[in-house]
Structures are given as C-alpha cells and as structure tokens.
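Heads up, the next two complexes both have chain A, just with different partners, chain B and then chain C.
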Partner chain A sequence: MTVPLLSLIVVSLAVGTVGTFLAGKWARWVALGATVVFLLEVAVLFVAYPGWPGYDSALVPGFANGETYSWISVTWLHINYSVGVDGISLVLILLTAILQLATVVYSWEESKRPAAYFGLVQLTCLGCFGVFVALDVLLFFLFWEAVLVPMFFLVGYWGGPQRRYAALKFFIYTHVASIVMLVGLLAMAFYSGASSFDFSAIYASARGLSTVVQTFLFLALFFGFGVKFPIVPFHTWLPDAHVEAPTGGSVLLAGLLLKLGGYGLIRWAVETLPSGFHTLQPLLYLVAFVSIIWGSVLSLAQRDMKRLVAYSSINHMGIVLLGIALGTSLGLTAAVLLMFAHGVVSALLFMASGSVHHTFGTRDIPEVGGITPTTPTLSTLIMVGSLASLGLPALISFPAEFLALLATWNSLAYWVAIPLAILVVTAGFYIWMMQRMLFGPPKGIPAEAHDVPWYEGASMAMLVVLIVLFGILPGLLVNVILSSPIHGFPGT
Partner chain B sequence: MVDLASFAGPFLPEILLLAGTLLVFLLDVVGVRRIEITGGVAVGAVALALFFVLADLGFAPIAFLATVPSGQVDQFVPGATPLYSFASLGFVFQAIFLLAALLVSLASISRPTGERGAPIFYGLLLLATLGMLLVAIASDLIFLLLSIELTSISTYLLVGYTRKDVRSLEAAMKFYIIGALSTTLSFFGASLLYGAYGTTNLLAIRAVAGAVGSPVIVLLGYAFLISGLSFKATLVPFHAWAVDVYDGAPSDVTAFLTGASKKVGLFAFYLVFLGPVLFVAPGAGGSPFSGGVLNLGPVVQLTLSVLAVVTMSVGNILALLQKEMKRMLAYSSISQAGYMLIGIAVGTSPAIAGATLQMFAHAFMKTGAFLVVAGVTALGVGPLIDDWKGLGTRRPLLGVAFGLMLLSLAGVPLTVGFVSKFVLFSAAVEAQGYFVWLAVAGLLNSALSVFYYARVLKVIFFDQPAPTALPSRAVVGGSGPPALPAGGLGYARATAIALVAVAIVVFGIYPQPVLSAIQSAAQHFVAVGA
Partner chain C sequence: MQVPLVLLSALAVGGGLFVFFPGFQSLLLSGAGASGIPPSYGTTDLLLSGASVALGVGGIALAWSLWGNGRVFALPLASPLQSVRRLLLNRYYFKVAYDWIGLKGVYTISRVADFFDRYVIDGAVHGFERAFALASDRLRRIQSGVVSDYAAYVVAGLIALFVLLLIIAPFLVARIGGG
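Then we have the complex of A and B:
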C-alpha cells in the first residue's frame, strides 16, 4: 500500500492555513507547528524518493509519489487531480519548506493582524507547493493563481507607503501573464489532441505538433512564465512589489514566486514542446543576456538596499533562463540549482535589508555607514549574503553559477564572456554596498540602535547554515536534480 | 375522466409558487403584514419548488419524489405540437431561477426598516418566478412570449414598488417603456415567423426550418425576435436601459433582475435558436444559401457571435469607467451576458453546457453581490465605490464574502466563476472554426475585467476608511432606524450572503455533480431541441 504523501502534504498545509487564520493570538504558534510538520513531511518525501541520494536510472522517465483522481469529467474535458514529483520539483519543494519556516520565524513579532499574516504566508507556500507537484494543466494553473491572491494581500495590506500601487501592479501584471499562459496551456492540450489534461498525456501528444504550432505555443507560455521570472522588459512589477512588500512577502516573492516561472518553463514548455523550444532558442538567449546585463547594471545605480537586491534578482534569474535556454542536461541542472541557491540567498538578503530598515529607520545605502561595531550580527549576515550572492566559492551560488558558465561554454563557447563579465559587475555592486554600509566611519546610526532580535537572527542564521552546507556539498542536490525524467527525454 | 394528480403533478413547482403568491396577498388582506411571515411563506414556497425541481433533475437521494414522470422528460413525439414540454435543461433553468429567487427572498426578510410593501414585494417576486418556470418549459413561441410577459410585468412593478423613491419610479417607468418596445418587437417577429412557417410551435418549426419558402420574411422575423429578446438579455446595443434600471431599483430587486430575469431572455435564445435554427441547418458552417434553400444556422451564429463580442467588450470597458458600485456591477452584468451568448452562438452541446454553467455561476455571484450592496447601503454607505473604503477592515467577514464574489466574477481559480468560464471557453475551442476567437475574446475580456474587480478589492481592503464612511459596529443604530442583528445586516441577509460565499467555493472546488447534470441536460437538449 502506498501512502498518498503529496495529498497528505496539501491537506496538512491547508489545515495549517485555516487553523492559523482562526487561531487569533496563537496564530504564530499554529503557523510554526504547521511549518515544522511540513518540513518533516518533505523530509519523508526526500527519504522515500528513489532517486536520492544517488542517480537511479530505473526512475527515468517517471514521477515518484504519483496520484491521480478524476476531478472534472465531461465529454470534451478530462481533468484530473494528478500530482507527482521528480528531482526538479523535489529541490524546489525543499526550498518552499525552508522559506516558509524562515518567513514564519523572521516575522515572529508581527503585530498587524498576525493571524491573517501568517495564514496568507502559508497560503502562498501551499500554492507554490501545488505548482511544483501538479501534473495536470488545470491543477497547475489553479495553484499558480492561488499564489497570486495571498501575495496581493501581503503586499497590499502589510507593505510600505506605496503598497496599494505596488499590489495592484503586481496583480495585474501577473494575472495578464497568467491568462496568456492559460491560453497557451489550453491550446497545447486541445491542439495536441491529448486524451486528458495530464502531463503524461500532453507530453505524449504535444511533441507531435508541427514546429510552427509548437513555436506559437512556446511563445505564449514563455511570455506567461517570463513575467514571473521576470524577464526584461516585463520586469517592472518586481522592484515595486519588492520594495513595498513586507519582509516576509519579499522573501516569498524572490525566494519562491520567481521560481515558479523557471519551473513552469522547464516542466510545461521545454519538455513538452521541443521543436518550438529549439526554434525560439535564439530569442531565449537574447532575453537571458539582456536580463543578466540589465539587472546587474541597474543594481549598480540603486540607493535602496532592497531595490538593489531586487534588481540583482533579475540578473540571477537571467542566468537561470540562460541555463534553461541551453537545453542541455548540464544547463538545466545548473538552472535548478541556481534557483535553489537564489531562493536561499535572496531570502537572506531581503531579511537583512528588512532588519536594516527596522534598526536604522532607512534602507538607503548612502545614509548609513560603519554599522559593524553597533550591529555585528546583522553586519555578518549581510556580508555572508552578499558574498554568497556574488558567487564566492564554498557558498551555494558558486557551484550553481560555475555549472551554468560551464554549460554555456559547452554550448555557446565565447558567448560565456557576457555572463562572466557581468559577474564582475555583480561582485562590484555588492562589495561597494558592503564597503559603504558595513565599514568606514559610523554614519546615520540612531542612538537606540541595537543588534537584530533573536527571531530575525535565528531565521537568517538558518539560511546561512544551508548556504554553507550546500555550498560545500552541492552534490546532495545535484544528484536529486539529475534523477529527473527530463534528463532522459529525447531532445534535451 | 381527468386524473387531477397526473395533470397537476408535473406542475407542482408552479402550483406551489402560485399558492404562495395567493397566500401572501390573502394574508395582506386579512392584515398579516409582518415581513417575517410573508417572507417566510415566500421562502418556503420557493424552497419547496426548488426541492421538487431538483428531484425532477434526478439527484440521487430525492429522485423518487420527481413530479414529472420520467417518460415525459426529454421526449419528443414527431408531429406533436405541444404548448409545453419537459426537458431536463428546462429543469436546470428552473433550478437556476429558483435559486436566485430563494436567495433574494431570504435576504429580503432583513429589509432595513419596517417599511411597507412587503406583501407586494413578495407576491410580485413569486409571480415573476412563476413566469420564469413557465418560460423554462415552453415549446411554443406564443406560450414562451406570454410567459416572458408575465415575468416582465411583475418585475416592472417590483422595480417601482416602494412608490416613494423617485429614482426607482423613474427606473420602473423606463423599464416599462423599454419592456413594451421589446415585447412589441418580439411579437412582431413571431407573427412574421408564423406567416412564413404556418405555425408558432418551436418543434414544428424545427421540422420545417431547413426548407423555407420565403427567406426574407424568416430573416426579418428572426431579426425582430433577436432584437426583442436582446433587450431582455441586456445585450449591447440593446442594453442602455439596464444600467439605469439596475441602478435605480432597490438593490434586492436588482439582485433578482440580474440573477434571474436576465437569464429568461437568454434561455429564450436557447429555445428559439438552438432547437429550430442552429441544428437543423444542413452542414452547419456552410454558406447561408445552398441549393436555393436558406441555411439559417451560419447567419444566426455569426450574428450572435458579433453580439457576444460587442456585449462583453462594451460592458467591460464601461464597467471600467464607473465610479458607483451599482453601476459598475450593472455593466459587469452586461458583459457576463456576452460570455453566456458565446455558448449560444457556438451551439454545440458542450457550449450549451458551458453557457448554462456560466448562468448557474452568475446566479450566485451577481445575486450575492447585489444582496451585499443592499445590506451595505442599509448600513449608511454611499453609492460610490470610494464610499466602501474600509469595509474589509471594519467588517472582515462581509468583506471576505464580497471579495469572493468579485474574484469569482473575475474568474479567479478555486471559485465557481473560474470553472464556468473554463468550461465555456474550452467548449468554444473544442468547436473549432472561428469560435476559437470567441474564446480568445472572452479570455481577453476576463483579463480586462480583473482591473475593475481588483480596484474594488483594493478599496475595501487596503484604503483607509473615510471618517464619514461605514460606521463601526458599535455605532450602528446610534441614530435613525434600529440596528438589525448580525452586524446590521440581519440574520436572513447574512445567511443568504454566507450561502453564496460557501457555494462559490464549494462549486469552485467540486463542480462535478452540477456539471454532470448540466452536461447530460445539454446533450438531451441538442437531441430533442426543446
């Protein structure tokens, strides 16, 4: 007998969410309990995964923990509740659980309607989890949209001064993108003549579509997923949403929501529409390079620490897109690993900038300086985050970016100079930020400034541990990613 | 000898409503005018009728109580020209009408003051619902138009029943004049069709429609009929009255108008066009004229498609520009009629099922939304959207319920509005041809509609309440009429709103039972045509 583990997790997350909403002043404890349960379940998922800890060729291609139940069934529509995991989704599920814990702990003293806040945080994570396990087009879309609503409220109610504008912009941008994506997904399901909306059925039939049709479908899907990435020029919602979002919201936005775009692109476009993918490869390269350059150069110009991290996210997600666009096994592995790395590192940096804001009353980099003597812990955390983000060896981004550059060299040869050169710029703006904020003569430090409270420090320290652990042992994740069916698919 | 039971049995829901109407008026005459009593009678009659209609639809635990013998459902006797016939799709629509009527009559028990006119309100409401039930079983043009007339006349009076409010009176007058025009057009169209076909029976017309002797008269007849019915269904460009009437009428009445009466016009489209016109056409999608025989299907389909696209686009764009809540919802209601028309234009059994599901969803969402508007207006909130600032923080439960309705109208997943739009658009895609573009137009319009729904969400949840806006719980009833229980809404209204909110989520997550019933009804409808 097999345990329906994935449905169990969905149910436990839903119960946790509802429980948190109703828990009143006990909300944070309920949220913490639900999150710990979530982490344990994910641990079981990992242990039970046949592709872990080593590459298991017997698994390729296929999904573990599969479940299928009929959901909507009429003559012309067969929609199932189908879930399952492979290595790629497993790594991102781990990221979801980690970031949920980090967000709940970081926001421990949230005083503005805590029940609703913690409930919405869990709802966002539930949606992300669903996206990563859904193997049915409509179920996937449903979870995809389910992420949107709680995030809209997190930004719009708990955010900064311009939160309403930012929330509306976020909602409209991503919803319009979702609609285009939905058109693409439905067209893929209908035109391929798939027998149901299941991934396996669509995978079996969509590859038979003509190159022209595949190209159009891929374009629609790429736009839908690309806005979430975000790719230049559809990125402008991101800095606004990030800057206005509460810290927890920023963590989930950067850590999880951006990953949805990358995951969706791999799962529902690259795997299912190989000819369309190969036709549009030059466009993907172009967009990836532009995003890498644009994100990095704009980061240089930022004064607001949060905005700086937000723009550097565009740069990092550009490298993710580059890895996916290569279409090689190595490139995809690098992309997924980098998604995980960026999820953890950007979460750390957003938390750190949130703490900077609490402590010094501003996130303006030129306004504060020499904070290390006053707040040594915070200063250390910022330093680790920045060094990890710029790709220092032994920290998690290094193996990911190294693999990405290697994969680029293998496929594109000297084009690798572009991301390589931009790495220098990335290192530049992070080191410049550290130099201005952490070191030098003290400036703009209020008298009552004190180091970060325990809950903020603990959540960030947890991320630091992971950054170092997976930086030294990236193989733990790489093996899982390599066991994904996509590596056995023809054409990738 | 006429067996009374076997004659009356199939009409049990209609008889229940008629009895309810008479009882309400009788109680009025003998001086029993308490709203709890008249309202209770109405709710009871509607709920019982709904129960039997659901039994007729064959829902498992109560199917043995079906009033119509199963041998009479979805049966078509060749050569027969009955005035009425029982189709499972008709039962589905009866259920939709009764659902909307049930929600409105339940919520209206909590009318804000002890104002007069409750018996008139409930009597007319039941009478209008009765007319709708008759529309749903009509299989003759004259019977159909007369049933619509029964509904219309009752609703003209409903709009103006308060008698004191100048705006309602103006709305009622406008409604009456436009309604008379629409009736005239419909009957003129019907008379032309009688001239061409020699019958007004829809089943008989279906049998001869493929071979029309005088195409000009037929085309003219259908053109007049489309115009007449378009007024009822609030299709652009026949929509201008709707916004003023929806705006001017008491909000509970508006809830009934948009939740139920609008669908009377749309169901009439089903009967008049789907049976006789679209399916008879040999080689649908071909040229209008083939071998000297008029092929009406493609002409009507194209007309309805254009009407659908124009209706949803204009409705959405104008909704975007509105500053008042009721007018915004009214325009959004118009655009929803455009979505439903997609299904009628496509005309396949999946599309009919999709359009019907959309109407089912709309009955919940829009009725619920106007019931909220009525309740919030009674709390002293002004007509502007901006007056609703802070509703979400001052009244979280009401805010969440209203938010769910708006999200459902916008078609956000996990709501019934998403499922219905999904089924409808996928059916249009499934039909291939230019109908795919109808689905695309529908999707683009859904995307557009998100703008104005999200704006309302922003106002009620994020904006700081103005000092004069919604009084907090403690202040309600400080002056003026005494406060109602359940946060000023009254228990009955709060129950109705909660029912809608729960239904939106439940049917959004598990639509299969409703979908199965509607799908099999649509298949029978395509097979039988009435």
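Then we have the complex of A and C:
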C-alpha cells in the first residue's frame, strides 16, 4: 500500500498549526516540533522521489506521489483533491521547510501573542506547501488565497508604524491579481473543454486552444502571477510590506510568497499555454529586463536596509522571469535554482536587517557605521548574505545567476549585456552598504549594543551553511529540477 | 609576502585550464544534469581565451624586460611614453571613472528613479485609490429610495446584459474563435 505522503504532510501541518494556535505559552515549542516533523517528512519525500537522482523519463509529464480523490462532482463540473510533485515543486517545498524552521527559531523570543504569531507563520507555510503540490485549479486557488490571510495579519498586527497601510496595500494588490488569475484559470479550464479541473486534463486540452485565446489567457495569468513576483510596475506593494512586516513576515514574504508567482507562471501558464507563451515572449523579456534594471537601480538609492533588500528582490525575481521567458530547459532550470537561492539569501538578509534593528534601534544605513567590532557575528552574517546576493562564486546565487546568464546568451546573444551590466550595480550597492555599515569609524552604536542572541545567530548560521553547501554543490538541486516536466516545454 | 603571491599566481595560471578538462562541468551540474548541458567551446571562446592568455604572457614579458634580474627602469622625462606612465600611475583612471560613473552618474539616476517610483508609479496607485473613493461616494447617491429610479436601473441593466450576450459576445467569439 502506497503511503499518501503529501496528504500526510498537509494533515500534519494543519494539526501543527491548530496545535500552535491553542498551545498558549508552549506555542513556540509546538511550532518547533511541527516544523521539525515537516522537515523530516520533506526529507522522506526527497529520498522517496522516483526522479532522484537524475532525470527519469517515466515522470514526464507526470508527477510523483500523486493522489487524486473526487471532491465536487456534478455533470458539468469535476473538482478533485489532486496533488503531486515534480522536480520544481520538490525544490520549492524544501525551501518552504527550511524557511519555516529558520523563521520559528529566529522568532523564538516573540512576546506579542506568540501563539497567534507562530500559528500564522505555520499557516503561511501550509498555504505555500499546498500551492506547490496542488494539481487542481480550485485546490491551487484555495491554497493560494490561504497564504494571503495569515500574511495580512502578520504584517498588519506585528508590523511597524505604517503596518495597516502596508498590510492593506499588500492585500489589495495581491487579491486583485488573484481574481484576474482565477478568471484566467477558470477560462482556461472551461474554454479548453477539459474533462475536469485537474492539471493533467487542462494540460492535455488547453495546449490545443487557438493562439489568440491562449494569448489572452496567458496575459491574464501573467498579470495574476506577475504581481506576486513582483514585476514592474506592479511592485510598489513589496517595499512597503517588507519595511513594515516583522522580520519573520519579511522572511516568508521574500523567501516564499514571491516564489509562488514564479512557480504558478511555470506550472499553470508556460506549460499549459505554449502558443500564448511564444506570442507574449517579447513582453516577458521586456518586463524582465525592466524589472532587473529598476530593482537594482532603486536599491542603490535606499537608506533603509530592508528596503534595499526588498528592491534587490525585484531585481533577482526579474532574472527569474528572464529565465522563465527564455522557455529553454537551461533557462527554466536557472529560474528555479535562482528562486531557491534567492529564498535562502533574502531570508538571511532580512533576518540580518531585523537583527540590526534590534541591536541599533534603526535600519537606516547612514545612521550606523563601523559595527563589526561590536557585533562581529552579525557583521559576518551580513557580509555572507551580501556577497551571496551579489553572486560571489562558491555561494548559492552564483551557479543560479551563471546558468541564467548562460541561458540568456544561448537564446538572446548580446542582450545578456543588460543583466550582466546590472550585476555591477548590484555588486555596487551591496559593497557600498557593507562599506558604510560594517567598516569605518563606529557611528550610532548604543552603549548596550551586543551581538546577536543564540536563536537569531543559529537560524542565520543554518542559512549560511545551505548557501555554501548548494553554492559548491548546486548539482544536488539541479538534478532534481531537471527531473521534471520542464523538458516538455516549448523551445527545449 | 612573496609566497602567497606565488601561490595565487600559480592558481591564476593553472586554474583556468580546468575549464578545458572533461568533467569540469560536473562541479556545477553533477550526474545526469551535466549530460543535459554539454560543454561547447566555439571560435569565440577560443579567441577570447587566446587573447587573455596572450595579454597575460605579454605583460609578464614586458615586466621582465623592464625590471627582470633586479634592473631599475626609469622613464626619461622627455619620453613620449610619459602619458602611458601617468595612465598607469593613475591606475587607468578607474577611480576617477568610478567616482564619475558610479557615484555621480548611476547614483543620481537611482535617486531620480526612486523619486519616480515613490511619486509617479505609487502616486498613480494612490490616484486610483482616490478615484475609486470618489466614484463610490458618488455612486452611493444613486440609492435615492425612489422606486421608479430603481426600476430604471433594472431596465438599463437588462439592456446592457442583452447587448453583451447577444451582440458583443457572439461578435468576439466569431472574431477570435474557439479551441
């Protein structure tokens, strides 16, 4: 008898979430226990993955650990509880488990309604996990929306002075995009004449739609998923949400929520609407290049460390979009690897920003300087995060960005000069930030300033280990990504 | 001081050669992944590699001819190569260029872009917000409490629905086609 592992994980996450909400003063321990169980289950999922190691042709375009149960069935509507994983979702599930653990440990001393805080963190991760495994339109949308609600409360209740404005802005932006996305998904399901809302049924029938229809559907889905990326000009919710969110919220926002957009675009738009994708490829390139340039140039002008990292996220997600837009196996592999890399690196940088705020009472870069002698651990972590984010070799972003640039060169030749030139600006603002904050004469350092507490240091150190591990051995992830249906994409 | 420099030089000279060794890509993509993306070295790669090596070897040869075996080289003041000397002394004017391009140029552009992002892009969003607030304020006034008004709205709505379903939708379907 096959163990329904994915459902087991959904149930254990749900039980962990409810348990945390009810656990009162023991909430952090319940959250930690549920998180460790989640991580172990994901480890089992990895070991049991039939596409590992390497590419298994039997999986294309199928999914491993598939489960399908009829949910709503009337004559004209068939909705299933349908889940499964492939290489892309597996890598992002691993990211979810890692970031849940990192967030729970980092927020260990959260004193403001800890049960609700840790419960909402787990609910966010449950929603993300659901998005990555759902293979039915309605199930996918339910999990997608389930992520919005806890994040709204995390920003709106535990955030900074402008938290309500930021939470509302985040909610309206992403919810409007969700509605357009839902219309696109439903239109795709109904208009293609698919026998059910299952991914496999839509995959089989939507590809046969006319190019014009595919183009309109792709446009709707691109907008829906693009706002989550976020793409320029629909990006202004991101800096506000990041600046106002508590550190744990920023980690989940940058590390996971942005990845939902990338994943959704690959799974539900590029794969199912190849003609529409080809027609709109120039638009995708344009948006990707604009996002890459805009995110990086704007980062240079920021004073707030969190805002700087937020804008650099727009830049990195622009490179992810470029990888997806290329539509080649190499480009898509680079995009997924970069999503994982950005998830880990941005989490580290947002945690470091939070620690800077806890220690010095501000995140304003010109206000603090020469902090290394006072906080050597924090300074080292900021430096590793910054160097990883600017793409230093042997750290995780390097292989991902290298693959993305290689894929761009293969498909677009000299257009690669744009992301390549922007990498210099990216290096510039991170080095400038390090120069001002970490080195030089001490400035703005309170007498009681101390290095990071154990829980903040431990969670960031865990991310550093992963940044180095996958920076040296990216093949561990690339193999898994390659064993997914991306080989069936157009242009590969 | 010399030992680390020698070690780094040896790595710099020898490290690049690994690119040409079969299996180098396994560092990046192990197992089946590497076979999916085979290495390819075309004319451009070889030309670039050759030019880089030639420049490096040329630099070593030039340095040896000037300072090798402990020789001391002093460029005569009247030499036409003084301009080259100034270029080298100023490190190709990279610092000046960095200050101009990086600090003055790109940073100024980024400040302008930041202003545009805050007040134009986000300003447009706030404009939408205000427009919707204004529209909803006006729209609530149509709730007049007069039954004949409501009846007129219902009729107008029905007409709009008929136009949409019987004229616009068939026209669009005929123009763009189905699956």
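Operating definition for what follows: the second predicted complex is superposed on the first by the 487 of 492 C-alpha atoms of A that agree within 3 Å, B and C clash if a C-alpha of one lies under 4 Å from a C-alpha of the other, contacts with A are read in each partner's own complex, and residues count from 1 in each chain.
Operating definition for what follows: a residue touches a chain if its C-beta (ideal position, glycine included) is under 8 Å from a C-beta of that chain, and two chains touch if they have at least 3 such contacts.
Just so you know, these numbers come straight off a predicted model, no measurement behind them.
Look at A:A204: by the touch rule set out above, it reaches neither chain B nor chain C.
By the touch criterion defined above, A:L473 reaches chain C but does not reach chain B. By the touch criterion defined above, A:S192 reaches chain C but does not reach chain B.
In the superposition on chain A, A:M462 contacts neither chain B nor chain C. In the superposition on chain A, A:V18 makes contact with neither chain B nor chain C. In the superposition on chain A, contact of A:V37 is made with neither chain B nor chain C. In the superposition on chain A, A:L283 makes contact with neither chain B nor chain C.
Look at A:W294: by the touch rule set out above, it reaches chain C but stays clear of chain B.
When both complexes are aligned on chain A by C-alpha atoms, no chain A residue touches chain B in the first and chain C in the second. Within the complex, the chain A residues that touch chain C are 53-55, 191-193, 205, 208-210, 212-213, 216, 232-233, 236, 294, 297-302, 329-330, 399, 402-403, 425, 428, 473-476, 478-479, 482-483.
Across the interface of their complex, chain A is touched by residues 349-350, 353, 407, 412-414, 418-419, 422-423, 425-427, 429-430, 440, 443-444, 446-447, 450-451, 454-455, 457-458, 461-463, 511-512, 515-516, 519, 523 of chain B.
Here chain A touches chain B in the complex through residues 71-77, 138, 141-142, 145-146, 148-149, 152-153, 156-157, 163-164, 167-168, 171-172, 175-176, 179, 182-183, 186-187, 190, going by the rule given at the top. Contact residues on chain C toward chain A in their complex (touch as defined above): 26-34, 36-37, 102, 106-107, 109-111, 113-114, 117, 121-122, 125, 176-179.
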